[in-house]
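Each in structure tokens, the structures are laid out below.
After this come two complexes, each holding chain A, first together with chain B and then together with chain C.
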Partner chain A sequence: MNNESISVIKVRNILMVTMPSDPDDSTISSLQNKVLGAMEQTDAKGVILDISTVETLDSFFARTVSETAQMVALMGGRTIVAGMRPAVAVTATQIGLTLKNIETSLTVDRALDLAAIERPQH
Partner chain B sequence: MNSVGQIEVSIKSEGDIVAARRTVRDAAIQVGFGITDVTRIVTAASELARNVFKYAGEGVMTWRQLEEPGRVGIELRFIDQGPGIADVQLALQEGYSTGAGLGLGLPGAKRLMDEIDIRSAPGRGTTITLKKWRMI
Partner chain C sequence: MKSKTKSPSDGGEKLFAAVKTSDMLRLLVESVRDYAIILLDPKGHVLSWSPTAERLKGWTADEIIGRHFSAFYPPEDNASHKTAMELSVAEKDGRFEDQGWRVRKDGKRFWANVILTALRDETGKLIGFGKVTRDMTAQRAAEEKIRKQAQEIFEMAAVPVVQVWEGVLLVPLIGTLDSQRTQHLMERLLQRVTETTSSVALLDITGVPTIDSQTAQHLIETVAAVRLLGADVVLTGVRPTIAQTLVHLGIDLSNVITRSSLTAGLRMALDIINLKVGPKS
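Showing the complex of A and B:
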């Protein structure tokens, strides 16, 4: 049905994680393992989760994103969710999906700025 | 009230939740909804399709276009023969879940749509009908 998978690449010290536009539940569930595994293997400082092509963010998807961000935090990293579409933001707010304690940015570009500015590397 | 067409999607695998979303997206666009309402309708459908798969194992979703003077709409119906909902009012409360979820699925779907009708009893399955209208 849906063969698109999550892409994870390391850019500098950040993991760029890109969600496909309409992932099935198994693909969504694989987010945690992929991200946590890559954090360990690459010694990344944080994660930018690009959801700019995502058209539907339901409660299952949102919960997985929240839990993954919490786990990344426990491993000493930060997560920035980037590129949420306006219609998705309206819908998420209406059903109470607040993504509490998760940083967000309008675009991946701005997420990279945010990651660089607030925690400069010494 | 006129209705145009009726399309059925069977829900018995995870992939069928994706199929239900795609069918509803195309349907909502066809009825003429804008992108924000399309997203609301597809998100509501995603929550309920997952509930069918998760709680009943299988079921069907049907949709049809509604036409009334001054407005058109979309009706989505989710039918399963699963365990049913013991207390519909409780199930509509945010944060209530018998599963491992957030308890936002059913109340979320209610908030995103204009009308919701739930017919269910323990052991008798569940039929949930949702409507969303667009003024013309």
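Showing the complex of A and C:
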């Protein structure tokens, strides 16, 4: 298990989660546990998932992100996906990634703004 | 270098005699620089060669005479027995014309225009074929270039993406939207949104005459993709007829912000990026 490749850092009250550029299935599998575990331990109010280096997206990754966002929402947090690349967005649309419980942002910088301004919607 | 001819076994004697007696014709064949003119026997073996043919195809007369003309064709054409088809068409219709890739002796390919003409004696018996080959590689490259430029211009004109404010992009769409164009629209818009880190894109469909369910679906997908990037789309210029069509087709645009005019859309966009336009004083 190559769990080290996902970094989860708590910045103020937000978890910064950075995905590696080419995550394999085991890395993706570990995403959920890491994020949810950190949510529990740190009492963070939300998650910023930085996928700005991710170049390809498969249905497994899309489903994991979508499910994790729903779980984070159940734990009272928000999920902001930041920095999705155009090609990834096209694929995500084609495989039907839903935006339920997911907020999006062009850059991590803006995601931080977004997290600071808006109240959680739950 | 001289044009060589060889007496073939099956019915080529008359042809051989005809060329031999006509020095003028031989001179013509040897002197024409743009067309490689050669003769084939009824089965497709090379009977005569010319300096232009050597220049174009690389083989010398000694190397090629007697060989089948499939040597000039790329392997994929030979796999489908293209030469046999060409000969049978030329025999049946009197001529066969083709444009395609041909192979030189060194293996390099060139784009050729080829005309095969059936040659018959006075009794109507097939005695062989005349083959005229012209190297069209340069013309083809020029045509490709022009076509590519036209395509680029068309693509740019088809989907203009303009930045109207910091953080606001405008895409004025004019004319019918087909799948290819909406696909292109999606790619370009996503690209520009990322490049300019724009928060809002205004998709103006004032100039779009009609929308069918497929186009609407493409637009919905485009909006979804832009949202995934972290930006929003405002669909503007939804005229009454388009609104009616969309409702009648049962297309659900409730997830898309829509406005009737571009003005209202721009106001919405400024609102999204937290700006307000007011009087100067």
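Keep this in mind: the second predicted complex is superposed on the first by the 111 of 122 C-alpha atoms of A that agree within 3 Å, B and C clash if a C-alpha of one lies under 4 Å from a C-alpha of the other, contacts with A are read in each partner's own complex, and residues count from 1 in each chain.
FYI, a contact is a pair of C-beta atoms (placed from the backbone, for glycine too) under 8 Å apart; a residue touches a chain by one contact, two chains touch by 3 or more.
These numbers come from a predicted model, not from an experiment.
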item: Chain A as common anchor, with chain B and chain C clashing or fitting; value: fit
item: First (chain B), second (chain C), both or neither touched by A:81; value: second
item: Contacts of A:48 with chain B and chain C, given as first, second, both or neither; value: neither
item: Which superposed partner A:24 touches (first chain B, second chain C, both, neither); value: first
item: Which of chain B and chain C A:97 touches, first, second, both or neither; value: both
item: Which superposed partner A:59 touches (first chain B, second chain C, both, neither); value: first
item: Partner chain in contact with A:35 - chain B first, chain C second, else both or neither; value: neither
item: Overlay on chain A, chain C to chain B nearest C-alpha distance, Å; value: 5
item: Interface residues of chain A shared between complexes with chain B and chain C; value: 85-86, 88, 90, 94, 97
item: In the complex with chain C, residue positions of chain A that touch it; value: 81-86, 88-90, 92-94, 97, 99, 103-107, 110-111
item: Chain A contact footprint on chain C (complex, rising order); value: 186-187, 190-191, 193-194, 197-199, 221, 224-231
item: Touch list for chain B against partner chain A, complex; value: 13-19, 21-22, 25, 35-36, 38-40, 42-43, 46-47, 50, 94, 101-102, 104-105, 107-108, 111-112
item: Of chain A, residues touching chain B in the complex; value: 1-2, 22, 24-26, 55-60, 62-63, 85-88, 90-91, 94-97
